[in-house]
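Attaching a single structure in structure tokens format; questions to follow.
For reference, chains read A, B and C in written order, and residue numbers begin at 1 within each chain.
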Amino acid sequence: MIRHTPFVRTAAFRTHCRRVAVGAIALVVTAFATASAQLGSFNPLPGPHGSYAIRNAKIVTVSGAEIPQGTVVIGANGRIVAVGANVTVPSDAKTIDGTGLTVYPGMMDAGTSMGLSEIPQGAAGTVDISETGSFNPNAQAMYGLNPHSAHVGVTRVVGITHVASLPNGGIISGQATIVNLAGWTVPEMEVVPRAAVVINLPRSGFAGRGFAAFLAAQQQGSSQDAQRARERQLDSLRQMLRDAEAYGKAIDASEKDKTLPRVNRDVVLAALVPAVRGQMPVIFTADRAADIRAAVTFAKEMKLKPIILGGGDAYQVTSFLKENDVPVIMTGVMSLPRREDDPYDVNYSGPGKIQKAGVRFAISAGDEGAEVRNLPYTAGMASAFGLPKDEALKSVTLYPAQIMGVADKFGSIEVGKVANLVVTDGELLEAKTNTKYLFIDGRPVPLSTKHTELNDLFKDRP
Amino acid sequence: MRMIRHTTLLLGFASIANAQQAVAASGSAPTLIKNATVLTVTKGKLEKTDLLLQNGKIAQIGTNLSAPAGAKVIDATGKYVMPGIIDPHSHMMADAINEGSLSVTSMARIKDVLNPTAPNIYRALAGGVTTINILHGSANTIGGQNAVVKLKYGKTTDQMLFPGAPPGIKFALGENVTQKNRVVQQGQQRRYPSTRMGQEEVLRDAFTRAQDYKRGWDDYKARVAKGEKNLVAPRRDLELEPLVEVLEGKRLVHAHSYRADEILMLLRVADEFGFKIKTLQHVLEGYKIASEISKYGAGASSFADSWSYKIEAYDAIPYNNAIMMRHGVLQTINSDSDERVRRLNIDAAKLMRYGGLTEEEALKTITYNGAAQLGVENRVGSIEVGKDADIAIWSAHPLSVFANCETTFIDGEVFFDRQQDLASRAKLEQQRADLERADENRPARADQQRRVILP
Amino acid sequence: MRSRSIPSTLSSSAIAAALTAALATTATAQLGERAIPGTYAITGARIVPVSGPIIERGTIVIRDGLIAAVGATVAAPADARIVEGAGLTIYPGLIDGLSNVGVPAARQQGGGGFGGLFLAQQSGPQQPPAPSAPNSQHPLGLQPELRIIDVVKFEGDALDGVRGAGITTALASPRDGIFMGQSALINLAGGTAQDMLVRSPVALHVGFTPLRAGGYPNSLMGVFASLRQMLLDAQRYRDLQAAYARNPRGMRRPEADASLAALVPALSKEMPVIMMANSQREIERALDLATEFGLRVYIAGGEEAWMIADRLKKDNVPVIATLNFPRRSANTTDDADPEPVRVLQSRVDIPRNPGKLAGAGVRLAFTSGGMGSMADFLTNVRKAVEDGMPRDQAIRALTLTPAELYGVSDRLGSIEAGKIANLTVVRGDLLDRAGRVTQVFIDGRPIAVRAPAADNGSANAASGTWTVTATFAEGDRTVTLSLTQEGERLRGTMQGALGTGEIGNGSLGANGDLRFTATVTLGGTSEEATFTGTLTGNVMRGSIQIVGHPNGTFVGTRPDAGGRGAGRPQGQRPPQ
């Protein structure tokens, strides 16, 4: 419940607040937002920026020590302006009594395709996840992302406040974007519009979509053809990256020295320039040890800044990953073992093993959109199988922010960071925990979703 | 020969091998689990409680129980014991899942195609699961017959079939049956039915034929009873026999269904023909018609939170379970997945978040209620004296994501043990290394490739 | 006289062998016309009669296609052509207990029902149609009345490889289907099928491979349901026919049905039923079905029969054990996921199977089991012996036991006077690695043998390790598929991003039509995926159907055979 500080001092009202927490946040919207949630709106709009304080709560800062009872103050700029056991709450702050509640930094899933695919089976018109063809460096997730996807609301109310949304398919799938999960429009949600290039290196076992198309075109095919097809694809990829490097150089040169011949612009190559200059990370999808090695080796050769997405076998190549300082976003923690003889817990225990080996990592739910909300339980499962609890929490807060280069904004409760906060009645990673309050970019977010709306509509139907 | 079987498993799966060794070591020796927190599911939570498993049953529950001679004693201080998880909807360990060629395939039997060696059985055991309901797929309006199985990995199919479980059959409605997603190849026709209207007709037609079939046999039996001689019995029809059993209430119907309208259609047709639907499976829009389902008396088995993967799942909500439960529907969570079956405890915990189930209500959705939906609640689903010793020991409260399953018992035998599993891994690698050296595993020369003679 | 053209590139010994074979064929065919003397005596040879003790040095007299005399003291008749037997061991002609020799490979099965028929009409006449019973009321694949003797054809040198393994007699059996048809026991020399025929029908064959074309039954469940329903219908058919025969007056004439009629001898146990089953669970299912309908069952294949040897012994069920022992494919790739220990273990276990079955007292014959090169036949018999099969029992399993199982032990299977003169002549001992088959006698006629070709396989063979990429609306998923093909049946293991498990319902047609199912876990849900497509060389491709999903597609490749490491992907090395 958010009101001016003097208003919420009575214990009786506090109790009432907790009981009707979900309803209470709706009041916030009515009070502070210009539009109220209607059925079918799916993702009610956040309230306004302003000064907010969460008091008397346990604060799990992630980056520093836990504060058993303290206050977080959010400024009108959307940032955390104060946090601590003894913090002065500005007089104009709207205050939440956090007694019995815990404040966590909002979680981040760096391996989603949020907003790009609403209904994957049987509703192709709702799917914008994968562009035709093999090389699409300019396919930008930010232009396919539907901010009104029902997945957005359902995801954020468990405390996932921001995600990386990735296109997939082909060899160069396109560019991932990092967004806050609240806003009218994509520009309003954007944190890093173009955050990383996504590459699927043709698998060392002759795969890849272009490959399949190549073979399908052949009436007679052999695996040597397949091998050649794969090599040609790798060559094309290499060529395109080298061309992008040369292109960037030529553009820069011609801008500095107007006497040089004018360079014709190329949308596709331009999109790759930051990546080949190491200014933008490249996300390589790879699960098998051989594929991880191949991706890292390729990245080294091309001087790219690699991030491994998938990382199923990362536990087998930890020293290699550490040596090359390559981080891994683990997407398959909940997946079935991929080999018959794998231990039953091979994927559950993967994060624990690579954490122990000192490899930088984050955990992703490994889902495109609808089930991204299982991220906390995914980290919890990793924790049940060897990942220390505090590391499990970091693997869905601070670590993904670090890997994706947004740790200055996200991942912990520190002064100056974006106020993406979740207030819960229990441990963040537990399935039974309820979210009581949610702030994204310092704005209070109502906790209603498509699901709660349908629940409200039908639950008392006689 | 049983030992030979075990040897194979030993060689094939180190993990199960250990479980089997444990069994071999203890035989059917009693097991005393000391000082656990026991989640009985039907009789509350018992702190610091002992549990004696004997002759495959839960023999005693109490404090300071003494171990009978030869009993294995497990100190479960700080640990939790819950009933084995029951998954009411699985397609595990089947060599075939759909006979999708016809609209009615009630003659197909999952029991005919079970694979007791499927590795996913073991992976489910490691999630504390002990009983699953293996259903025919959802390719047709009236699918095949199910099999209820205890996950006694390493045993034969016959030893795994749940003794005395009532037979059932799968029905399916909606998109999967209409096959609108399927590309029909040139020269082939779209299979009937391709609308929900057609699904109603398939049901009506099949049960009309079943009624006539039953009448034919009833007439025949009556004439035999009257002493008529030289009668030739009517043809036995394996398609219609199970439907007659449905009409007679001897076979449980588990009906895959998503949308509220198709569910109501099914309930109306069933009412008209006078048979019962035991469970609605998935029943994602059940919350829209919870009172109708409750009044009709069907159970519901749903996902905890899956949604949006196809159009008919777009209105699925995780509150579905709670709403139906509050309307009095017997509610369970199922996996429909060899992956999710391994962590149904977490799915159950989600229902506390989505809809406010109590701990016990949440646990029931993966234990007792499932037993009731399969008609085996007198045997399994809760921890009570006299019930089958199908239980699992967990490192923490099983509704916590931080818990892992340590030991799984079925009929008092250990079929999964985490410590033994961990200890066996090096052995498996050794075995692989040994086998790699065997002549048979050295690659044949290219000119010795086994090929097929095709004259 | 049939003319044969002999390629000029053949070596002189090959020409000689071919001439001998041609002569033998001609002689048999035209015995009545030309008086080629048909009396032989093999003298001074070691004789293994099987039905009695070994004769270390004795003589066999062959006259008019039969064994006239055998013994240590038998003298060669004056008119006999003498075969000097020093250093030779003479065995009864070896019997391949289940073979597809001479049985044409079927075109894509028309699936059951009208859909299948329709498809068959569409698919054009590129290949000969599958053997099919005219006017059957049951779909192809469920036509037990099909008699293999009506369709066998021997062209070119089809028999050379088989005889080269010392085999003189084979149970020519249908290749495909559910009720596959009825087999014939044939001698492997002669001008026509009728010449060659020893006995037909011998057994009803049951396979459990679903129809590929999509009609009912297209799953193993449907297969069992069909088998049951037809057996039930056959029981009723038998009863109705009997009732009508007793008193046709006043009774409507029961409809004739050749398919059901063909099942009646099996129901009465008069005709054995050979069921194709390899894994323990397949064997158990077959035995259960046999028990349900009171059938006299033989298990063919039986790779894991040793695991339930006690039940086989108790139920007196013989096993026609496969000699097609699996070996790891040479064309594997380092890139493939490692083979499961289960598979590695089975390669070691399968050669031990015959010995274990023999040890348990299970009656045993051998089948070549669709092996690619008949050179493996004796090699693998020897391996079974090295792995524990007693020598005398190995010989018996190649001779007298199959003769007993197929009801011809009064004619074949041992060296006794009066029996058909089918003999396998070996320099050395058949079961020693050094032993060489030098000659066979079939129906009393000597035939020089040629060593079996190393491989006369087909480009369609699917065995090996495949990397398969499946493309769904959900994205691409890559798996490793390890396949084993025997006849048209496909078995195997899938590992990778779609989950792990064995494939089911698999088959591969002669023209490369491929079908199998696998449980895949996609988007968290386990589904049965049906892969249908074609296999050409080292590439397979096609579509994937999952109930409720849009179709997916798949493409798989296998490293090219030959040249180890040919398939080593470049990704294993640092990119250039």
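Everything that follows uses one rule, which is that contacts are C-beta pairs under 8 Å (C-beta built on N, C-alpha and C of every residue); 3 or more make two chains touch, one makes a residue touch a chain.
All values reported here derive from a predicted model rather than from experimental measurement.
Enquirer: Need the central chain here, defined by C-alpha centroid distance to the all-chain C-alpha centroid.
Expert: That would be B.
Enquirer: Which pair wins on C-beta contacts, B-C or A-B?
Expert: It is B-C, judged by the count of C-beta pairs in contact.
Enquirer: Please compute the C-alpha centroid of subunit A, do the same for subunit C, then give the distance between them in whole Å.
Expert: Between these chains, centre-to-centre, one finds 57 Å.
Enquirer: Based only on mean CA positions, could you tell me how far subunit A sits from subunit B in angstrom?
Expert: Here the centre of subunit B sits 35 Å away from the centre of subunit A.
Enquirer: If I count partner chains per residue in subunit C, which residues reach a count of at least 2?
Expert: 338, 340-342, 499-501, 521, 523-524, 548-550
Enquirer: On subunit A, where are the residues touching two or more other chains?
Expert: If we look for residues of subunit A contacting two or more partner chains, we find 120-122, 335-337, 340-341, 371.
Enquirer: Indicate the residues of subunit B shared as contacts by at least two other chains.
Expert: 13, 119-120, 175, 181, 306, 309-310, 338-339, 428, 432
Enquirer: For the complex, which residues does subunit B have touching subunit C?
Expert: Within the complex, subunit B touches subunit C at residues 1, 4-5, 8, 11-13, 90-92, 94-102, 105, 107-110, 112-120, 136-139, 144, 156-157, 175-176, 179, 181-183, 186-189, 230, 232-233, 235-238, 306, 309-310, 335-340, 428, 431-432, 435-436, 438, 440-455.
Enquirer: Within the complex, which stretch of subunit A touches subunit B?
Expert: 118-123, 150-151, 334-337, 340-341, 343-345, 369-371, 373-374, 376-377, 380-381, 383-385, 389, 429-434, 450-452, 454-455, 458-459, 461-462
Enquirer: Could you list, by residue number, the parts of subunit C that touch subunit A in their complex?
Expert: Where subunit C meets subunit A, its residues are 333-338, 340-342, 467, 469, 471, 473-476, 478, 480, 493, 495-497, 499-501, 521, 523-524, 536-539, 541, 548-550, 553, 555, 557-560, 566-567, 569-572, 574-575.
Enquirer: Which subunit A residues qualify as touching subunit C in the complex?
Expert: Checking each residue of subunit A against subunit C gives 120-122, 124, 127, 129-130, 168-169, 200-209, 211-212, 215-216, 218-227, 230-231, 234, 238, 287-288, 290-291, 294, 297-298, 301, 335-342, 368, 371.
Enquirer: Name, in rising order, each residue of subunit C that touches subunit B in their complex.
Expert: Against subunit B, the touching part of subunit C is residues 100-102, 104-105, 111-113, 115, 118-119, 122, 155, 158, 161, 210, 214-222, 224-225, 228-229, 232-233, 236, 239-240, 243, 280-281, 284-285, 306-311, 324-332, 338, 340-342, 344-345, 347-351, 370-373, 376, 454-458, 460-461, 463, 485-487, 499-502, 504-505, 510, 517, 519, 521, 523-528, 530, 543, 545, 547-551, 561-564.
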